[in-house]
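In what follows, a single structure is set out as C-alpha cells and then discussed.
In order of appearance the chains are A, B, C, D and E, and numbering begins at 1 in each one.
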Amino acid sequence: MLEVLNNTNYVIPKAFISAIGNFTSFILHMTLTFSNFGSQNIYCFMVQYNPKDWITFIFRFHKSDTFRKLIPMMIFIGLYTYGVGYLELEFWQLSDKNHLSNITVMHSMLGFVISLLLVFRTNTAYDRWWEGRKLWGALVNNSRNLALKLSVILKNEHDRFYFKRTIPSYASILVKHLTDKETGLQLYDDLDLEIDHHKHRPNQVAKMIYQKIYDLYEQKVITGDQLIILNSEVQSFTDICGACERIKNTPIPYSYSAFIKKFIFFYVMTLPFGYVFSLGYYAIPVVIFVFYVLASLELIAEEIEDPFGFDANDLPIKKISENIKKHVEEVL
Amino acid sequence: MLEVLNNTNYVIPKAFISAIGNFTSFILHMTLTFSNFGSQNIYCFMVQYNPKDWITFIFRFHKSDTFRKLIPMMIFIGLYTYGVGYLELEFWQLSDKNHLSNITVMHSMLGFVISLLLVFRTNTAYDRWWEGRKLWGALVNNSRNLALKLSVILKNEHDRFYFKRTIPSYASILVKHLTDKETGLQLYDDLDLEIDHHKHRPNQVAKMIYQKIYDLYEQKVITGDQLIILNSEVQSFTDICGACERIKNTPIPYSYSAFIKKFIFFYVMTLPFGYVFSLGYYAIPVVIFVFYVLASLELIAEEIEDPFGFDANDLPIKKISENIKKHVEEVL
Amino acid sequence: MLEVLNNTNYVIPKAFISAIGNFTSFILHMTLTFSNFGSQNIYCFMVQYNPKDWITFIFRFHKSDTFRKLIPMMIFIGLYTYGVGYLELEFWQLSDKNHLSNITVMHSMLGFVISLLLVFRTNTAYDRWWEGRKLWGALVNNSRNLALKLSVILKNEHDRFYFKRTIPSYASILVKHLTDKETGLQLYDDLDLEIDHHKHRPNQVAKMIYQKIYDLYEQKVITGDQLIILNSEVQSFTDICGACERIKNTPIPYSYSAFIKKFIFFYVMTLPFGYVFSLGYYAIPVVIFVFYVLASLELIAEEIEDPFGFDANDLPIKKISENIKKHVEEVL
Amino acid sequence: MLEVLNNTNYVIPKAFISAIGNFTSFILHMTLTFSNFGSQNIYCFMVQYNPKDWITFIFRFHKSDTFRKLIPMMIFIGLYTYGVGYLELEFWQLSDKNHLSNITVMHSMLGFVISLLLVFRTNTAYDRWWEGRKLWGALVNNSRNLALKLSVILKNEHDRFYFKRTIPSYASILVKHLTDKETGLQLYDDLDLEIDHHKHRPNQVAKMIYQKIYDLYEQKVITGDQLIILNSEVQSFTDICGACERIKNTPIPYSYSAFIKKFIFFYVMTLPFGYVFSLGYYAIPVVIFVFYVLASLELIAEEIEDPFGFDANDLPIKKISENIKKHVEEVL
Amino acid sequence: MLEVLNNTNYVIPKAFISAIGNFTSFILHMTLTFSNFGSQNIYCFMVQYNPKDWITFIFRFHKSDTFRKLIPMMIFIGLYTYGVGYLELEFWQLSDKNHLSNITVMHSMLGFVISLLLVFRTNTAYDRWWEGRKLWGALVNNSRNLALKLSVILKNEHDRFYFKRTIPSYASILVKHLTDKETGLQLYDDLDLEIDHHKHRPNQVAKMIYQKIYDLYEQKVITGDQLIILNSEVQSFTDICGACERIKNTPIPYSYSAFIKKFIFFYVMTLPFGYVFSLGYYAIPVVIFVFYVLASLELIAEEIEDPFGFDANDLPIKKISENIKKHVEEVL
C-alpha cells in the first residue's frame, strides 16, 4: 500500500514508516505481556455473573474483558489513524475526489467475508468449550452412577471404602493431567524426551479400578451380569480422558488461525486510508471501534478454544472434581 | 465520542452529558426491576399459543413480550436521540456536509457483525433450550419404559407399588432440584458452605431404585438377563440429572455475554450521530426500532438459555413431571 | 410512525388511518380462514413431485403454495402501499429531499437481521421435520428387525400371528395418537380434565408386546440371550413415541415466534414510506414481493415445524404405518 | 411487473410479451431434456478428480457441469435482457431518472435472503449426501466386522461359505433396491398396486442371515455370548437399508423446493429492469452471470439431495458393494 | 466480457488477449508446481504454534502459508489489473460515466453469495478434519481401554505380550494404509487391477486380535461376560478404519468443487473492470487482496479436507500411533 503511495510521487516521511513498524512491534509485545499477565493466576474459577444485569456488563471492565486487554493496541491504532489522517488531509492535502477515498468499497465487500469467518471461528471455539463441558458432565454422571451401583452391590465396608477413594481420584488426577503443559504438546515431535519420564497417570488410576472390579468378579462378589453393567462407566473414564486430551492438544488448524489474524491486521490497517476522507478525524474512534470488535471476537475465541487452561472463561474443572468427590462420598 | 466533539470546539452543555449518565443508570435499573418483576410468578407454564394466529402475535403484548420489557429503555433511547438531534441540528446547526454525517458507514459495516453475533447467540441459547427439552423427553421415555418392564416382570403387588411411588418421585425431586437457586451456583467457589447442609436429593432417589432392583435380583425375582435390560433406564436417570445441572450451572462464557451487550450498547448509542443528518427527527423512531430489534434478540436469548427457570418461555418441567406420574401409575 | 407525521404538521385524513386498522384485521382474518380451509383435508399425503421439473414449480400454484395463501394479504399490502404513495406524492407532495426518503437506510441495515432470523427459523423448523422423519424411519427399522428376529426365534404359528398383529398396530395407534389434538396440548395446564378420560394408548400396545415376550421368556421359548437381543427394539418403540410427542407439544419458544411476526409486520409496513420516493408507484409490486418472500418463509416454517399435522408438507405417517404393516406381514 | 408498465401508458409490443412466454416454455423444456439426457448413463461412477488442480476445474466443462446444463437457459436470459434493454433504452428511451432505475434497491435487499436460502438448501442437500455416504460406510464396516467375527467363530468350511455368499449379497441387493424407481415412490399414495408384486428383497436376505445364525445358535455352534455379539451387526443391516430408503423417498419439503425456484425466477427476471439503466447492454453478461450462480447452486443441490441416483455426483454404491464383496471374501 | 468490449467497437490489441491466456496457464502451472513442491516432505508433523502470539502470525510466512503459495498468482493478478486499467484509462480513455464503471453492483451483490459459499466450504472441510481427529482419538481410547481390560484379565505373561504387540500395530498399519495413495482411489472404477495384489492389511490385524480373543474364550481364560465386554473395543477398530477410508476416498462432490473455483475465477477476473474507474491504479493492490482472501479460503479448505495426507495442516497420525504404542506398552 505504502509503495503505491510512493510510486504516485507523494513524499512520505521515511521516519514515519519505520516509526510505525517499530511501534507496532513494541505495542504488540506489550499487548502480549498484558494478556499473559492476566492469565498468571493459577487457580481458575468460572466468572460468576447474572446474565440479566446489563449495567454491570456495559460499564464494568472485568479483568478478563477484551476491552482491557486491547487498550494498548487500541491506543496504537488511534495514533496510526491520526497519522494517516494528518498525512492525507494536511501534509499532502489530497482532494475528496482522490481515488484513495473509494478504497472503502473493498472494505465493505470484504466486511462480509471477515464477519462470516469470525463467526465460523466463534462457533468452532464455542463447540470445543461446550464439548469439554459435556465431557466433564459425563465424568460427573459416570462417577455418580458407578458409585451408586457399587454402593448397592458391595456389602463389604472395606471394598466400598476402596472405591470411595479411587473414583474421585480419577477426576482430580485428570485435572492435574489436563492443566499440565506437556499434555497440550503431546503431538509435537521434538518433545519426546520430557514426556517419557512419567507414566500416563489417569491410565494408572483406571487400571486400579479395573483391577479391583475384576478381582471382585473372580471372588464372585460381583456376578457376570453385574460386571457387564459396571463396564460402561469404567470404560467411559478412559474415553473422557482421551477426548479431553484431543481438545487440549489439537487447536484449530494453523492455516485458519494465521489467515484470520493476517486478514484482521491488513483489514484494519487499510481502513483509515479511505475513512479519513469521509470522516475526517472522526475516523479515529471509528477505526478503533471496528478494531475492538474484530479483535475481541478473535481474542475470545482463542481463550475459549482450549477450555482446560487458566483463562478466566475456562471451565472450572477443579471445582467440578471437588463436587464429584463430595457426591461420591455422600453415596458410598 | 463526546470528547471528540469537545476537541473540535463545539460547546456541549455539561449538564446534558451528566444527565444522560444519570438517566441511563436510572432507566437501566427500572428495566431490570420490570423484568425481575415479570419473573416473580413462581409456577411457570409454557405460553399456550397457536403459531398460525398472526393477529394475536402482532397486536397482543404478552407479559413476557420483549416489547413490554423494553418500553422504559425505548423511551430513554427516544429522548437521547432527540437530544442528539437537537444538539446537532439546532444548537450547533451542523451542515449536512459535516464529517459526522458519514459515521453511518461504520454502522452499516458493523451491522453485519452484530447480526451474525446475535444469530450465534440465538442459536446457542435455542440449542440449550432444546437440549433441555430432549433431556426431559428422555426422562419421560425412560420412566415409561422402566414402568412397562417392571409391570410385566414383577408379579408381587407390593413390589409394583414401590416403583409406582419411586419412579415418578425422581422426576418431581428433579424439578425441585433444578428450580433450587443453589443448583445454578454449584460451580462458583465462594458458595461451598451453604450447599453442604443438604444432600444431593436426586441421587438419594436413584439409590433407592438401584437398591430395590438389586435386592430383587438377589432374591431371584429379577433374573440376570432382566437386570441387564433394566440397567439402561435406571442409569439414564442420573445421566439426565447431570446433564440438566450442566445446562443450569454453565451459562455461555462470560466474555461473549459481556462483549455482545457492550457492542449493542455502543452501536445503538452512536447510531443517532449520523442518522439525524439524513433522517432529521424521524431518526427517533428509527433508532428506537433498531434498538428494539437488537435488544429483543439478546433478551430472548437470555431467557431461553436457562430453560429451567421461571421465565415465561422456560420448559414446563413441573407439568412434565405430573404427566410422568400419571402415565407411570396407569402402567404399573 | 404516524404520530411523527402528525407532529410535523401534515394533515392525515383520520378516516384513512382507521380504515387501515379495520381493513388489516379483516384481511388477516380472511388469510387465516383461507389457510385453515386449506388444511381441512383430513388425510395428508406428501406432495408428490419431481425436484428437477422447474416449469411446474414456477408456474403451477399448488394448493399448499404460500403464494395462494398470501394472495389476500398481498392485495392488502398493495393497496396500503398505494395509499402511502398517494399521500406522500400527491396529497402532501413531499419533495425528494424530505428526510422520510432516507428511511430506507434502516431497512437495508435491518435487512441482515431479518434474513438471518428467518434462516434460523427455517433451520429449526426443518430440523424438527427431519427429526420427525428420522423417528418414523427408526420405527420402520425397529418394526422390521423385531419381526425378522421373532420370525426365526418363534416356531409356534400362534405366537407369530400374535406379533404379526401387534407390531404394526403400534405404528397405527401412534398415528392416531399424534394426529389427536390433545396430544399437542399435553403441556398446557388448563387442559387436565379432558386428557384424563382415556389412557395413553401407545403405552397399552407396548405393554402387550412386553407382556408376550416376558411370558415366552418364562416359558423358555425365548432364551435369556435372545431376551437381551429383543429388548432394544421393544424399548425403542416407547422412545420413538415420546420423541414424537416432544416435537408435537413443544413448538419454538413463544418469544421467538411473536418477535419474528412483529418484526416482519413492522418492517413491511414501514417499507413504503421510503420506497415511494425512489420508486414511485413501482413501490407497489416491490413491497408486495418483499412481503411475499418474508412471509412465505415464516409460513412454510410454521407448517414444517409440526410434522405430524394435516398440512400438505407434513410427513405421510399414515402411509408409513401402512408400509410397516405390509413389510411385517411379509416377514412373519 | 409488465402490467405496471402498461398502466403507466408505455406501449409494449404484445408480440414481445407472448414471444417471451412461448420462448421461456420452449427453452425450459430444452433444458430439462438436456439434463435428463445427461443422466441416462445407467452405471454411475464418482467423478475422479484432484481437488488441487485448478486449471482443469476452471477451463474444463465436465458433462455434469452446471455450466453446460444451463447454456440454453443462459442464452434465453441473455436475449430477454437484451429485449428489456432495447425496450427501455431505445424504444421508450426512458431517462436515467425514471423510477424504474431504482428497482435495484429491492434486489440488493433480497440478495441477502436469496443467498442465505441457497446456502440453507446447499447445506441440507450436502447433509443428506454425506449421511448417505456414512450409511454405506457403516455397511462396509459392519459387513467386515460380521465376516471377521464369523471367520473366527465358525470352524465348519460349509457354514463359512454360506456367509461368504450372503453377506456381500445384502449390499448388492441394496444397490438394486435403491436404484429401483419404485423405492423412491414408496410414500406416494397412488402407487400401491405396482409395489405389491414383489417382496422387499433386502428383508429377505436379512432373514436368511438371521435364520442361519439362530440355527447355529440352536445347534450350539454359536454360544449365547457370541449371539449377543453378532446381533449388533446383523441388526444394523436393516437399519441402514431403512435409513437409505428414508433419504431416497423423502425429498426436502415441497414448499421450500417450490418457493426457492419461484424466488430465483422472479429475482432474475426483474433484474434487467433496473440494471439496464446503470449498465446499458453490459447488463446482458451481468444478468447471465447472476443467473448462472443462483441456478447452479439450486441445480447442484437437486443432484446431491438424492445420493442414490445416476447423476454424476451420486455415490458410487455399486463400486462400494463390489469392495464389500472383495473384502468379505478375503476374510472368510 | 471481452467480446462485449469488441462489439462496442473499441480496439483491443489481439496480442494482449492471447498473452493473458498464455500467461494464465503458465502461472497456474507454476502455482501448482509450487504447492506440490511444498507437500513433498513425506513425514508430516502438525505445525506447532501458540495461538496467542499475534506477531508471529502476522509477520512470519510459514512454508504452508497460503500467502507464499499464492505469490505467483497474485503477481499475475496484479499485472492483469494493471493491463485492464491501462486499457480502460489510458488506451481508450473511457469516461467515468461509462456504463462499465457500474459493474461493481454485480460484485457487491454476488459478494454475499461467494462469502457464504466459502464459509460453507470451510465448514465442511473443517468438519471432516475434526471428524478425522475424533476417529483417531477414539482409536487411542479404545486401544487404551482394550489394553487396560486385558491387563487385568490375562494372568499369562505370554498372552499379554501378544496383545502388547498387536494392539499398537493396528494403529501403525492404519497409518500406512491411510497414507497409501491407492486407499484414496478405492472408489474409482478404472483402478481395479492394482488394488488386487495386496490384501486389506488392517483387516488382517483385526482378524489376529479376534482370533486370539476367541481362542482364549474357548480355552475358558476369558469368560462369556468378559467376551461381551471386550467386544466393543475390538469391533471399533474396524469401524474407525472404515470411517477414515470414507473421509479419505470421498471428497466434497465434484460439482461444488468445480463451481466454487469457477466462481472465484470469474469474480476476480471481472473485478478490475469496474474498480479501475473508482480506484485508478490503486485497484491493483485491492484486487490482489480480494483474490488473496478468496483463494486462501479455498486453498486452506482443500488442504484440510483430506486430513490424512502430507500437508502441513494434516493430522499427525504417525505421532498419535507412536503415543498409542507407548501407552499400551506402559499398561500391559
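In the analysis below, contacts are C-beta pairs under 8 Å (C-beta built on N, C-alpha and C of every residue); 3 or more make two chains touch, one makes a residue touch a chain.
This one's a predicted model, so the numbers in the text were calculated from it and none came from an experiment.
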Subunit D on subunit E, rotation in degrees - Cα superposition, rounded to nearest 5: 70
Same-site or different-site touching of subunit B by its copy subunit C, using the half cut: different
Chain centre separation (subunit C, subunit D; CA means) in Å: 24
Gap in Å, rounded to a whole number, between the CA centres of subunit E and subunit B: 39
Residues of subunit D touching at least two other chains: 108, 112, 116, 224-225, 228
Chain-level touch network, classified as line, ring, star, complete or other: ring
Residues on subunit E engaged by subunit A in the complex (per definition of touch): 45-49, 51-55, 57-58, 62, 64-67, 104, 107-108, 111-112, 115-116, 118-119, 122-123, 126, 129, 133-134, 137-138, 140-141, 144-145, 148-149, 151-153, 223-226, 228-229, 232, 275, 278-282, 284-286, 289-290, 293-294, 296-297, 300, 303-304, 312-313, 315-316, 319-320, 323, 326-327, 330-331
Complex contacts: residues of subunit E adjacent to subunit D: 1, 4, 8, 25, 28-29, 31-32, 35-36, 99-100, 102-103, 105-106, 108-110, 112-113, 116-117, 120, 124, 185-190, 196, 199-200, 203, 206-207, 210-211, 214, 217, 224-225, 227-228, 231, 235, 238-239, 241-243, 245-246, 250-259, 261-263, 265-266, 270, 302, 305-306
